[in-house]
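Before anything else, here's the structure in question.
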Amino acid sequence: MPVIQVSLIRGYSSKVKQRLCRRLTDTTRGVLGAVPEAITVFLHEVETDGYARGGHTRAPAAASEEAPEDRVRAYLAAMEARDLEAAEHHLSDGFVMAFPGSPEMTSLSDLIAWSSERYRFVRKTFQAFETCDKEDHSVVICHGHLSGAWPDGTTFDSIRFIDRFEIRNNRLTRQDVWNDLALTRP
Amino acid sequence: MPVIQVSLIRGYSSKVKQRLCRRLTDTTRGVLGAVPEAITVFLHEVETDGYARGGHTRAPAAASEEAPEDRVRAYLAAMEARDLEAAEHHLSDGFVMAFPGSPEMTSLSDLIAWSSERYRFVRKTFQAFETCDKEDHSVVICHGHLSGAWPDGTTFDSIRFIDRFEIRNNRLTRQDVWNDLALTRP
Amino acid sequence: MPVIQVSLIRGYSSKVKQRLCRRLTDTTRGVLGAVPEAITVFLHEVETDGYARGGHTRAPAAASEEAPEDRVRAYLAAMEARDLEAAEHHLSDGFVMAFPGSPEMTSLSDLIAWSSERYRFVRKTFQAFETCDKEDHSVVICHGHLSGAWPDGTTFDSIRFIDRFEIRNNRLTRQDVWNDLALTRP
Amino acid sequence: MPVIQVSLIRGYSSKVKQRLCRRLTDTTRGVLGAVPEAITVFLHEVETDGYARGGHTRAPAAASEEAPEDRVRAYLAAMEARDLEAAEHHLSDGFVMAFPGSPEMTSLSDLIAWSSERYRFVRKTFQAFETCDKEDHSVVICHGHLSGAWPDGTTFDSIRFIDRFEIRNNRLTRQDVWNDLALTRP
Amino acid sequence: MPVIQVSLIRGYSSKVKQRLCRRLTDTTRGVLGAVPEAITVFLHEVETDGYARGGHTRAPAAASEEAPEDRVRAYLAAMEARDLEAAEHHLSDGFVMAFPGSPEMTSLSDLIAWSSERYRFVRKTFQAFETCDKEDHSVVICHGHLSGAWPDGTTFDSIRFIDRFEIRNNRLTRQDVWNDLALTRP
Amino acid sequence: MPVIQVSLIRGYSSKVKQRLCRRLTDTTRGVLGAVPEAITVFLHEVETDGYARGGHTRAPAAASEEAPEDRVRAYLAAMEARDLEAAEHHLSDGFVMAFPGSPEMTSLSDLIAWSSERYRFVRKTFQAFETCDKEDHSVVICHGHLSGAWPDGTTFDSIRFIDRFEIRNNRLTRQDVWNDLALTRP
């Protein structure tokens, strides 16, 4: 039943606009319980000179082309490929990681060192991604299963995992990891 | 900069309306990158006879007074108090639980039995809750730390945990749990 | 797909508001070809002091509680019951009637006299009513079948008929009638 | 007094947009009794990627360039010219015709045969057209006068007629005709 | 042609709402050149819980019941009656006055003293008032004619005057006066 | 807090649109007392075929590119340069001027003659301009100080002045002037 009309300045990409329509629909469904088919979204775009706040024209903030989920996927893919330079690209200064049994780590090479003592390599199979927008940052959670090899070369798979990321200003600021590796480790 | 105007039928409670304003603001910030102070939401309410889809008056879906997060909190509190009857109230038929090392469980008494072999009791301290609205269900994730006692009576605390819940039609349908208990168990 | 939002002063009855929603939906379907389920109408009512044209508060025109179709039905029912006083209530001054083979008539008693030479009585069974709103008047068309008795007492039925009415300012201004009585008259 | 704002996807032709403005104005006048000069219509067009229902982009239904009235005029002109191929173009399968004293006919050649026994030719002079949009089809009514020649060659004119058409999906599905020919036939 | 729709929180008085409609109409006429009859204003009021900026409910600023022009009229009337206590009520701290040939004065008693050397009393007849809203204050200008008596008792009238006031936060902050008294003074 | 959305036909220049945003913001602040940062304006432009009043497309009035204030500045600059031909360009027929001690004058050459007896030349330094839009005309007021030379060649400066102009249909119709020259004249 609800109709959502967003007035905004023209200039956002098609990808961003469609993402906005999608997520506003999901949010409205989540709060009001309306069926998605009954939720309509219109983005009414105005020209830059057709908008003013406080009487002055404003340039809108630049929207990120990548959804937070995409940035997390790209970071995890780079880490899986051990391409630390590509992975760094997605991080903010002060990025912090916490893994099961690890201290809080701030550098990717520290993570590589710490994890190399626990497994030879690990691959993630994703079951779902969630993105939650909060007041001044977003949180992305992904979960699924791990497969890989222990330091002694024996393999493992179907190990449950979940990662929780915090994103501010389009960069990852924090990663917390949980998994069942401790249950299976030789 | 963006202004979001929602046209909807009058009748939602103040709590639900404020939740809608809050979450639409967060969603818009998350997608467009606009600062919250520049995002305005108006809920324009119409009377039942001032709305039609397909030319017919429609009764809107009933919104849940509790936010998904509140339902999860209430469920976890009931479980911590071992009040299974109160806890059941929040569950849908076919509710499934998966814990580290557990099989998929469908009844709360099975969970009680399974967990009693692993710890005497456990208390959760929450660090954050996230609610993510998806196309036809919502996901609530909470994380923090566990404290409690092993079966032998020795205590533990500061054990990292994260729970992921799926909610459909205001009832919990699934709970997946990860924690670092296996790292510390005597 | 289209959403129609009407801004208007509060004060119209529920019946009128629902009629407006219904007919705006039908009109939009007729022009755009959109399926009715995809056409949403919202009536956003404002207080009298929240509306101005030319800077001045305006009192809105009084809407007729009866739809034009209802007025035509009431008129035809009164005529069928030969209750000329009740029938007159629906007519404007200068109401004109034209029947097959009749001169233009302006008084109901003239019509009674003219028709009494052609049939003893006639009853209408309606198949459909259409209301068409034009720039400054509305037209109501109804069609169906006639049954009744000739002056000699023999009966007739299933005679095709169609009546076309013009309505201005909530009163009938013109009635044109066609039927197949001439094909069957003894 | 009322202002009608339609949110719709960009892409409709100028002719269709102006027709929508015109007919929404007439409908509003018809229901609310407002004077036309006080009824304003705005069509706010959004880009395809600025619209979503159920969170998904939708392609709008294709609007007919011809108004239902234009299609009826074209059909009647083709029939008057005895151009059956052009006339067929406007018809749906299952098109049904009923004339005074005729059986229900489904083929244009049957109509030609039936009418050729009643008159040599007939021409229509139109007095008015009405288009009424209903829930899932539209009705077009036209009336005026017939002139022509009987089978014996003698001419007639000023014979009252009215035609009622049903249109679904831009094609004529039904035509019902009434006229006073029976009153004058030699 | 233009339609102005204001979304605002319910709670403003009828007087304030009508003033807003009036002045928005005048402003639009002044900028676009549209005739007033073609400018429509709607104030769409929402409940307090149906509004959020930055995701939070906000209490709207309190609007002044008196228009700036009314406050100026009240101040001038109090001064004319030499009711300094009533006049002070309309002033902000730091109120400054400048008259022809006077120093900048900050207290009403200084003004009384200064003017008593120039005339026994003076009455204003107003020709027009203008209110100009600027970015953070409003300016009220009134002009007309003065009549009164010189210190020697002889009278004067039809002396041109104009007063310019600055108003911030509903209080007068500055008054500048010009008049032709110097041309006529004995 | 308030959001102002103007629906209007596309075609106004950027300068005019930004002026409209600016002045609607100021007007709203002036009436409601809202802080400017909380007032948002959107101009939603529609195509010519997406607008109708009374069901008919309308061509909008042509907006003046120059704000009333700019026209006054241009007129005063032309007068200061004694370029009467340029100055005339800004005037309507029937333009009337009233200066301190002058009769009402209707021709610029009369003004030149009248003022030449009072001063050799005069230059204006502006302190502020106000534009007030009224129901069918606008008023521009400017004030500041005069400097110049008397007929005998001696100079003067810092003489207070204020000019009040009436503007209709983009042309100046009236100018009223006040100043303190009489206080200082030799």
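Letters A, B, C, D, E and F mark the chains as written, and numbering starts fresh at 1 in each.
The working rule: a contact is a pair of C-beta atoms (placed from the backbone, for glycine too) under 8 Å apart; a residue touches a chain by one contact, two chains touch by 3 or more.
Because the structure is a prediction, the values reported are computed rather than measured.
Novice: Please name the chain that ends up farthest from subunit A once chain centres are defined by their CA atoms averaged.
Specialist: So the farthest one, by centre of C-alpha atoms, is C.
Novice: Looking at subunit A with subunit C, do both copies bring the same residues to the contact (over half shared) or different ones?
Specialist: Counting which numbers both chains contribute, over half are shared, so the two copies meet through the same residues.
Novice: From the C-alpha centre of subunit B to that of subunit F, how far is it in Å?
Specialist: Comparing mean C-alpha positions, subunit F is 61 Å from subunit B.
Novice: Take the average of all CA coordinates in subunit B, do the same for subunit E, and state the distance between these two points in whole angstrom.
Specialist: Distance between chain centres: 55 Å.
Novice: Can you list the subunit F residues in contact with two or more other chains?
Specialist: 1, 3, 5, 7, 26, 36, 40, 42, 44, 51, 53, 55, 135
Novice: In the complex, go through subunit B and note every residue touching subunit A.
Specialist: 1-9, 12, 16, 19-20, 23-24, 26-36, 38, 51, 53, 58, 60-64, 67-68, 98, 100-101, 128, 130-136, 138-139, 141, 143, 160-162, 164, 169-170, 176, 178-180, 182-183
Novice: Would you tell me which residues of subunit F are touching subunit D in their complex?
Specialist: By the definition above, subunit F touches subunit D via 7, 44, 46-47, 49-57.
Novice: Which of the residues in subunit A come into contact with subunit D in the complex?
Specialist: 3, 5, 14, 17-18, 21-22, 25-26, 36-37, 39-45
Novice: Any idea which subunit D residues touch subunit E in the complex?
Specialist: 1, 3, 5, 40, 42
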